[in-house]
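In the two assemblies presented below, chain A is common to both, partnered first by chain B and then by chain C.
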Partner chain A sequence: MEETKKMTRKDKKEIRNRLKHLRSGKLEKRDARKGYIFMIPWFIGAAVFMAYPLGASLWYSLNNIRNTPQGLVYTFQKFGNFTQILLSDPDFLVQLVDYITSTILSVPIIVVFALIIAMMLNMKIKGKGFFRLIFFLPVIIVSGPILGMLTEEGAGSVSAIDMNAITSAISGVLPSMLADPISDLFNNMITTLWYSGVQILIFLSGLQKIDKSMYEAAKIDGGSGWECFWKITLPNIKSLILLNVVYTVIFISSNSTNPIIGLIQTSMVSGTKEKGYGYAAAMAWLYTVVVLLIVGLFALLLMTRKGAYEKQVKRAKKAQKREARDRKKIERRNVRNAKRIERQRAQGKITSRTTSREDY
Partner chain B sequence: MKKKILALTLACLMLVGILAGCGEDGGSGGYEGATTVSNEYEEVEINGYKYKKATDMTTEEITLSVHSFDQKEVDELLAQRFMEIYPNIKVSVSYAAVGDDYTNALAAMVQNGTTPDVIMYSDADYALSNGLLLDISGYWNSDNETKNLADTVNDAQLGTFHLEGGQRYGVPFKFFPGIILIDRNVLKTLNLPIPNQNWTWSEMVDIIKNATGHTDVDGMKYYGLGVYNRLDSYYGIAAGQQYIGEFGFNGKTFDLSAWAVGEQEFSDLKLGGYVAPARETQENEDWTGDWELWFGQTGHVAVFSEAFWTFQSSWNAPAFLEANPGLDIVPYVIPAVSEADADAGHHSIATIDYGGVSSGTKYPREAYELLKFLSFGVDGWHTRNEIFADVNNTNASGVPLKNDVMPVPITKDEGIWDEYINNVYCAGMDDEHKQLWRDYFASCMQPISFGWTNIAGYWNFCDEYFNKIGIHDIVDQGRGMAADYKDEAQRNADYYHAKAMVDYFGPNSLYNVMSEDETAFYQQIVDEFEGK
Partner chain C sequence: MGTKDREGFLKLFMVYALLICIGFIYLYPILHMVSTSFMTLDDLLDSSIKWLPSSLNLSNYKQAAASMKFWSSLGQSIIIAGVPTICNLISCSIIGYGLARFNFRGHNICMGIIILSFVLPSQVTMIPTYVLYSKLGILNTIWAFILPSMVGQGINAPIFILIFWQFFRQIPKVLIEASKIDGAGYFESFYKVALPSAKPAFITVALFSFVWYWNESYLTNLYVRGIAGQGMTSLVLQLQNFASNYSTYSSTAVSGATSLNESINMAGTMLTVLPLMLLYFVLQKQFVESIDRAGITGE
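Take a look at the complex of A and B:
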């Protein structure tokens, strides 16, 4: 320490020069440069197609904008667009509340359905590939216009279900704020389930990665299928559940059939002077905040909750640690006692004949 | 080394591409060229017809662009002919279906700096609030052809937005006159009198009522009215010559008295069971035995408030005629409410889509000439007649363009009308029917537009007030009377219109063309409504 204090500037410079020689070689530098070059397209893409539009839309949201042939005409509004949306645009708030309730209700249904189908597709069945194709097909088919046409034809609901009976039953029990979205969910049950194609694939990939020997070991120990699901399958794909939930929320939120997206688009090309690009951008930002809150809510629920298996493992580890600590404590005491006896013997306080077991 | 050079070149190209994409297009420029039409032409003969080539147009090589929701194939053929007349002008046509797709595409083009030189508009509010349209009154007022259009185009100032300064921002691009169609066979079967072209509103309602309730030998019921367009929209214009827009618009303010009467009468007809069930309803299946069957095919409906194009696209289409031989559908002008108006000729509501010259065009004179050729111009209409007369000219679905959504000439030029009736519209009809159509066309030439294309603020009024409350549904279902909403709706209509006029044309607007008095008039209405 004292030596460092005594070091002069000259010494430091010399050390730096020496360190220079120790720095990465040419090959390493070239590799690093290549890495950056490969990343440049992403940076350009992110800057042009993400950062710039994000910044521009934020700026738009603070302005009233007219889209004239001579260019965009901006009138700075501060937070005028936001206050107008929140205070005098009942459509947006109504749609937003509907969106929040329907998303919170439909996301768990979609994810659970995807998990069940993924588990079934993971079984040893004939024509597995064909069934996988069938369940993935809606991902390709369910684009805005086609979905709209199918829904118009009544393909979005299960015709065998008596919707009137369900709606009246739900309305009798729940307040309309909750009853309406639940009824809508039943009305569009098929459409909702069609949204699960990608989630099924993600779950399937997770299920295929689980080591089969774990199931074999569990079976040997007498574990039932139900126990295997809760103690092996679910803990292993837990991280994928969160991934699928986030994916589902984003998918539902950015789907072209989403009424709020429609509302934002309509506002964008509205003839009302107060509306236009700025107003639509403010709507989009408010909507984004709500979507992020929903994602955060689901993340909070799924990230903090630990599985039963993990709890057991943690408990067992704690017990092992406690045992090890006790063992060490006993060992230390034995050593201390042995030393004490040795000392007493050397002082002649005890003879070997009088040594009894209690001394230890 | 070679690879490095290649990589560098590609990187440079990409960068240039990005920068070029971000750059402003120099499309919008100052207004150049003539500000009036000289009416001097030289003749260019194509297919035996002598086209008038304007001599006050540029001789430079230029490109003009058009964005329309007209028939795509027709616009492309018209553009082709225009380029034959003016070989130095290249015309590019872009098309989108009317509605959000069209407006979104137009908004994107405007934002990209590629605003088309000629645009169609259905929703006037979007075009005006963004200053898309150029004042073309200089061209319009000096052009001889504009004097020979349907009377109301100039008298009721269609396309002007009723500014005191006489500015004009639009011209009628596609004209579909209002029409009432009658199945004569139904009237004959039920022994009801066949009306003449000077019929009145009450005569029409009598026919509707008298035709309803009868049954044929198979027990199938007859209905008086098959509805596409609402009768209250018709009534609001047919009620008096003073109305030059929907909801009793007089050029400045609204008077919903006539609308309220028409709305209530229409509701009474609906609730009274005089209106035939719509397709894909249980009532329709109970009546016809077929969920899908359109009432126009049944031969059991007397009067139709169908759109003008339905006759050619359905009733007069060869396949339809073959499948439904028992119909005799004939046209009538929308009847006037008063007998005096019915005898003298009167205003009737019509579907008119408008077009204008973009305020960003570099070549307004040339763009105006192209707009005229595509919309009301005599030469353009001669070409249209040529296109429609040839059944080999079909749309993407293989339907002849005549049976697609064919409009009507808004010019009064006799040559064009003879071509249109003889070669196009009535081709293949017998003399009696040809005469009926000729009489109809003569009586429908005082059209008044639906509001959203021609009255500033009307679209917003409907979107944010009238349709949001659902007044039509409330009255139709008998949950309220039209008269209950008349005063409040009138105040709102006046407010939305006045606010739009101030916003679009007032002192702080993009156009800024209103006089102080005019601004004060509209501002007062706005202030009173907002309680200032």
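Take a look at the complex of A and C:
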């Protein structure tokens, strides 16, 4: 035992030594090292504008910071900021729950809407360029103040559709915790849909890359449009769905119409004793954790779900295995029965006719 | 034969109807804005006038433009959006090339950090960055936007780096090796071979960077304009504070200004949107096809 182990280790060493010549040579390594020169700006940027602020903001969130004329005065207070936010700041928690529900509700709507529009634009229709122009227009307009102004003046929803009827119907059916965000969604339907400009384009360029012959093959096999969608289109753009979901979540959470980031800013500049930079940093961290959790939740939902094709393959394989097992069972039983009958016949107990009947 | 054709026709008809309906809903706020911005006070109060104003009334625009100090804000907006965009183009193309061309140690870690930094909300680094800028003395100046974008940390810079990375990855390695044999150094092969072929990526990044910087109100307000409003301002920020701007304007105006109403609000919004709209209609092709050509969607 001992020796074989040693041998293998020696072998490995030798193989490694031999591979050294085959693997990336010095030239290639030196070549790769030149990449650092191109990356220098990013290293500087990541250190100064990302790593340092991240660490500092973590430190800030554990401190109470007073902005005095002499400079910033830190007093360490462990998780004081966090407990204070969670226990005694009514605004933040309410806004956070609002944010979570509205994000979870509106992200699927935006992404599904973008997919539908992209699929329609992907058909053979005239005026494709014109429609694309319309659906992409909001991308250049969507900014906090403009959206705020438009919703303020009642342009955020189509007045022709009676929104009050819808909202009252919704609030009659659902509990208020769910009804409020949903009716909010209806009231700002247009602005919600406006967020889907980039997503439409991403889906569209993904759809154009799907091989047309797959659809033709499916059609020959008698697949309907519905089946084609679930079994060809969707599996092909699965990664784009995830990309779009993540993009949408990030977009919504960094949009300046979001009340939470306004709250973070106001508590940052507020001069009260308990608020200030530390308090705001703690808020920002809580918010970040929530955003990351939402992204993670959607990623988990989308990644664990297997495609329709994979599911069917799995099911078919299972059925095949079961069939094989059953067949084997029957064969074995037949062999057993045959042997028994043979034995009994040898003993002269039964005639061939009765056995055959019994066998059935 | 007939049934199949009819079915196709019906489907096509449905698609057109849906697209036109949704397109109308999409454009509704813009149409509403345009029509309201031309209305006089009488038109606003007249319930029989819904879409078409009785006359082409430009006084709303004049008042809104005067209260927003339109021309000076427009110039500042262009600087605020344009200069960081140029820096973004330079830094992100270099970083993207470094990631795409060289397989150095820690390459994957860098990619991971870049993707993570895209998911991270900017609020979490905002406060220390604010303190840092004030220590460096660049708070409330345009440098607060230029400096991060010079080192690939501007607004949405991870997306731009990934666009360039995706693009430079598609350039055949043979091309660069050939240039190396011809005696080009690393930098020469970068800006003589790789850069000229990356024109679509440059257009995409330039457009998106410009639009996103232009529309950014939160960080512009905090870093460049300053909370007390001492630094540069942009059109979007002027719109954010439209009511207070207008009240200071109307109190100092020589010829009596009308009190703030819906039409003037919409005219102000229209003025804010107009420059980007013009840009969009001039460069529509580049905008709409940008994502397609930059190959964000992979492979």
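By our rule, the second predicted complex is superposed on the first by the 280 of 360 C-alpha atoms of A that agree within 3 Å, B and C clash if a C-alpha of one lies under 4 Å from a C-alpha of the other, contacts with A are read in each partner's own complex, and residues count from 1 in each chain.
We take it that contacts are C-beta pairs under 8 Å (C-beta built on N, C-alpha and C of every residue); 3 or more make two chains touch, one makes a residue touch a chain.
Predicted, not measured: the structure shown is a model, and the values here were computed from it.
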Following the superposition defined at the top, how do chain B and chain C come out on chain A, clash or fit? clash
Which partner chains sit in contact with A:Ser270 here, chain B, chain C, both or neither? Use first/second/both/neither. first
Given the touch rule stated above, what does A:Thr288 touch, chain B (first), chain C (second), both, or neither? second
Between chain B (first) and chain C (second), which, if any, makes contact with A:Leu72: first, second, both or neither? both
Residue contacts on chain A - larger count, chain B or chain C: C
Of the two partner chains, chain B (first) and chain C (second), which one does A:Ile44 touch, if any: first, second, both, or neither? both
Please work out whether A:Ile140 is in contact with chain B alone, chain C alone, both, or neither, and reply first, second, both or neither. second
Name the contact category of A:Gly222: first (chain B only), second (chain C only), both, or neither. neither
Chain B versus chain C as contact partner of A:Gly348, first or second or both or neither: neither
Once the two complexes are overlaid on A, one stretch of chain B runs into chain C. Is it 97-105, 115-123, 151-159 or 259-267? 97-105
Residues of chain A that sit at the chain B interface in one complex and at the chain C interface in the other, please. 44, 48, 72, 265, 268-269
How about chain B: which of its residues touch chain A in the complex? 18, 24, 27-28, 100, 103-104, 107, 110-111, 113, 115, 123-132, 358-361, 459-460, 463-464, 500, 503-504, 510
Which residues, counting only chain C, touch chain A once they are in their complex? 12, 15-16, 18-19, 22-23, 25-30, 32-33, 36, 91, 94-95, 97-99, 101-105, 107, 110, 113-114, 117-132, 148, 150-153, 161, 186, 190, 211, 214-218, 222, 227, 236-237, 239-240, 242, 262, 265-266, 268-269, 272-273, 276-277, 279-280, 284, 287-288, 290-292, 296-299
Chain B-facing residues of chain A, complex: 44, 48, 66-73, 265-266, 268-273, 276
Which chain A residues qualify as touching chain C in the complex? 31-39, 41-42, 44-46, 48-50, 52-54, 56-57, 60, 72, 117, 120-121, 123, 125, 129, 131-146, 148-150, 152-153, 155-156, 158, 189-191, 193-194, 198, 201-202, 204-206, 208-209, 239-240, 243, 246, 250, 253-254, 256, 261, 264-265, 268-269, 277, 280-281, 284-285, 287-288, 291-292, 295
